[in-house]
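Both of the next two complexes hold chain A, though its partner changes from chain B to chain C.
The block that comes next holds the complex of A and B.
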């Protein structure tokens, strides 16, 4: 009689699992062996070259010397303190919101996992490890102690916010105070923006600061416009519908670069140059109008994904048309298309580099190109170092957004359907 | 009390009339879904509507809270005629609860939020009061322990009972049930029917579209048989299941019993 173990197809069952895995997946046939060796060799060669470039041949002093220029452009040194204060406040703000969300999940019992100790640490590492590593890298490049203090301050503020945010709800405060707190929290980014603008006009925001703020402003502004366009496209009013469709199709049919160039030259025909908005403002307006058209199509897809029965149930309960939309249909529609929305926002974030080319503004990319023309670096082929650094910062930002969107999607999916 | 002959007349209700349909027609493009529907429903009456699929049962009750717009005739609910006037429509919907075949609970809201949403937004009930009301309704449908869960975490029978609780929380004068057990697994049908029986016993005015003949026999005051968009025959359950008169009724009953 043969037992199951006797008939095991693997003669190597006494070997470690790793060996079995390699044999099965990498070396099963002759072709597999060949492919494994070939791709392994190419991969190693590429890795070797990257490693050699990053740690040996690259001359990172071009980035080190120009770090401030790349990050915030020609931001006046006497106002750098404002940026530091804003970053610390943003740390607190983000932490507080995180804490509030966490407390809400615990209260409603929708916190899908409650990690402790090592598991918690690896989860945090997976989420923020790359971001932290990048910050450390930039800190390592900096020559003064200011950035270190700033990073420590921001982290501390974030932790305090996280702790406070998770406790606020259980404090015996009047409902009016809660509402006031909510308003303050919502208004914080705008107040911080005004605080910075009051010192340095937005027209003079440069470097990575421009890319980050232009993307953030574009995302915030295009969102309501995109949702309204999506609703307009579904409207039963013919005029509203055709206007929405016309706008969406026009914008989606034009390259962003062309629109940016138009924003650069055409305004002078209509508006006296004294009244015309500055170039960075024009860029943000163009990004907003452009992304809104794409967002409208994404939201329309989301609206179509909500079953008709949802609207009918809301109607049957006597909800007004406005509330049917805002309380029942839209929340589900927007949730269903989170990945596509975030994808569009990531796209916008990277497209902000086009502003430098089209409008001649000084952003991270055009800054990265400009520094190679400085006297001490000209003609030394350092554009690669510069571009690698620029690309790396964008990649870190995009990748973190993408990861957090997947997480958000998972979280919001809890307990639904 | 009405005489058997009066029960057979769709335009005579038992007691004070609360729902009135007069010469109602409804078209979907060129297809006529409702043909000259006349029906009166009295307060506290339970009317069960049966008939083959495609006979216009659902369309008829969906016209009563204007999820469908009728093309001709009059529909009056509790003294309010359904017209283009949005305020009238909203008022009728406030007084009319509806439960659907596919539950249509709001998946992004917890059970208790599903129930309190309309009372708070439409009736302006304060949160604390609305929560208490919701818990009462959940006790009535016998699942108070599920209040904090989300619809997706409940069984079909539980979801449908939440849907009933959600409609009841608006304290409607009339309840419309649109084949609410058709999407349920057999073992869950009874728990939903039990809730409906209790509701009927409490004096709620109900129009029930269903294929559950046992329920029709036990609970209905009147049974309405529809086919091809028309009301073919109306009568007491007794009359209906023992001595139906119309050929189409007999054919239908022969098929399903």
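The block that comes next holds the complex of A and C.
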């Protein structure tokens, strides 16, 4: 195959690749020369200040001393073992699901085989390198060996789960056993949640743990309401449709912060006083009701993406309207909107910080502000160090999730059809 | 017994329309029962603790003052809400304009062939988009405005035009009292711009000469402002440090400044992504055709690509504007007296919480509905008419 490079002018005339690259990417026109110099100077200055701050002037001991406080708040030390156990189990759980998905892809022939050895390693590095680096950073900040053991245990459990998950698909097991396995996998997060709550009430979940669990709880709990609202909005029944539209538009038009403030001071008026929930629970209720409206719009998009023929075919097979929806249309619709749901999860994950401001709960951000008021750090202006750490944790989480969701989007082929 | 009469008549429990209405009534009554239960609880609980449920609190004296406004504590809560709404609009409008400009520039930068510009834009968008707004806000407020800016005694005064300190930022402004004259001049300038642009366009259509309505119109606008300024003898008021406050010019409150900057930084990163996507949605041939017509890079972007990209961008942009308006409620946590903060303070002063916050919510919902109506209208006006 002849390319342009093969027919390029005589070798004596050609310049080193670097020079060509610089000319093409930095100095193409006069305007480019100016932009390169101006923005290059600004960029270098910013980079210099960031490096100087991170490696020289920053006093990271405020983070090191308060690491536990930031991550799990005032969680009782005697129950930290439960968190460790939960993390190891979650590692196994995630690994098993990953293995099952992988096995399914292999069976259907949709797995990407072209990545082997070094290519596979760089791909994994690009996807999870940042996350791994963050975990290592937190481990490096810790003062005891416990977190290291926990990380090693979680990783081992994940690898075992992944190996087991990919094997289990090909085993000659009875369908009933498969179903049982599916139920166990689905129930695992709830069982783990109950296991933790039985030791420490949700009202006392603090720090990054609160942000993560509140976002997860909000996105899971909003599902029934969100799907019902989406179906209601698309329904031809006028009463249902106007109810759904009214709810969706009202919630989408109101700021989450004001809803949280309202929940903070007045949720106890709307339920019998014996049922008045704690502040973290109020936050989760608000997140659930709030996200349901957004989920409804996402699911509506998914329902619109399912071709009409699917529903008509289901009808022709004599399925009842309920089964048409739950067996044919909804599974396809929900599959199509997984990336958008991840996006919603990311934005809820970021919005959990509002709970700290509106309700005064102790989450990662409000904790990060609070630690600068401790006796040993007060008045030393360490807010920047603390905020950089807090922001970095949120950033790594959101960035990794949004990258993975883009990857998933490409794999599902959403938007290309 | 005749067959026809019974066979064509569908029994009532199999009639689709009856089933549909019955189903709706069941759902509706479930919702109604839940709402009834909630409202009943609310009635009982508020009555037992003696909290009013009506809007009479709006006429009570507010008992707090709002910095940067003539509002004082003896005026009614109603007036405080008015000031809050104005402050919300003030930060939203300025924020929307700034975020749009920065967002478009960064969005174009993300597609630039210049490596430095490209990478800087990518880093900016990827960093800011994945941070919670509140983290940015706390950072700007506590880390930059209150900590990095100098105290008022040794404020920065670059060129003597601006005063920068952690008690506020003073910028040059027109002498107070001449605002209406300035508006008049500005309106005359804009009117002249419009007339000139129309004239140039008609000339261009008749003769094929370049219209250049942009440069000519804006030159006229500037000329009108400068001429009017000197003819009417208007004065610029420069900010200066007067003891422990900033006098002269206009003082930008540190809270306003911090909330505005954070909102703009955050929203601009989202707008940049929208603009990038919309520019990429414009078919490649458009840019190539513009190049073939020997248009300059600026003309290519400004006259050919951006107008088509903006058509795609209108609905998501409208969403971002709405988000910015709603996010401005976070100003309440940073001592900026916008609507939510006013509601929060009146509740703290003893106004009933549910009516006060409901009022605030209603304002946001109404402004959302109005904005989305405007966006829909703009979308219909600019959308490509197909077949």
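Going forward, the second predicted complex is superposed on the first by the 380 of 417 C-alpha atoms of A that agree within 3 Å, B and C clash if a C-alpha of one lies under 4 Å from a C-alpha of the other, contacts with A are read in each partner's own complex, and residues count from 1 in each chain.
Convention: a residue touches a chain if its C-beta (ideal position, glycine included) is under 8 Å from a C-beta of that chain, and two chains touch if they have at least 3 such contacts.
This structure is a prediction, so every number in the text was calculated from the model and none was measured.
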- Message: If you tally the residues of chain A touched by each partner, is the higher count for chain B or for chain C?
- Response: C
- Task: Figure out whether A:335 sits in contact with chain B (first) or chain C (second), or with both, or with neither.
- Result: first
- Message: Just to be sure I read the superposition right, which of the two partners does A:310 touch: chain B = first, chain C = second, or both, or neither?
- Response: first
- Examine A:178 and indicate which partner it touches, taking first as chain B and second as chain C; both and neither are also allowed. neither
- Item | chain B/chain C common contact set on chain A | none
- Task: Spell out the part of chain C that touches chain A in their complex, as residue ranges.
- Result: 20-21, 23-25, 27-28, 31, 38, 41-42, 45-46, 51, 112-117, 119-120, 126-127, 129-136, 138-139, 142-143, 147, 297, 322, 326-327, 329-330, 332-333, 340, 343-344, 347, 353-354, 357-358, 360-361, 364-369
- Message: Give the list of chain A residues in touch with chain B in this complex.
- Response: 108-110, 307, 309-310, 312-320, 323, 327-328, 331-332, 335, 415-417
- Tell me, which parts of chain A touch chain C in their complex? 24-26, 28-29, 31-32, 35-36, 39-40, 42-43, 237-240, 243, 249-250, 252-259, 261-262, 265-266, 268-273, 346, 350-351, 353-354, 356-358, 365, 369, 381, 383-384, 387, 390-391, 394-395, 398-399, 402
- Query: Quick one: in the complex, what on chain B touches chain A?
  - Reply: 65, 67, 90, 93-94, 96-98, 100, 102, 104-108, 110, 117-118, 121-122, 148-153, 163, 166-167, 170
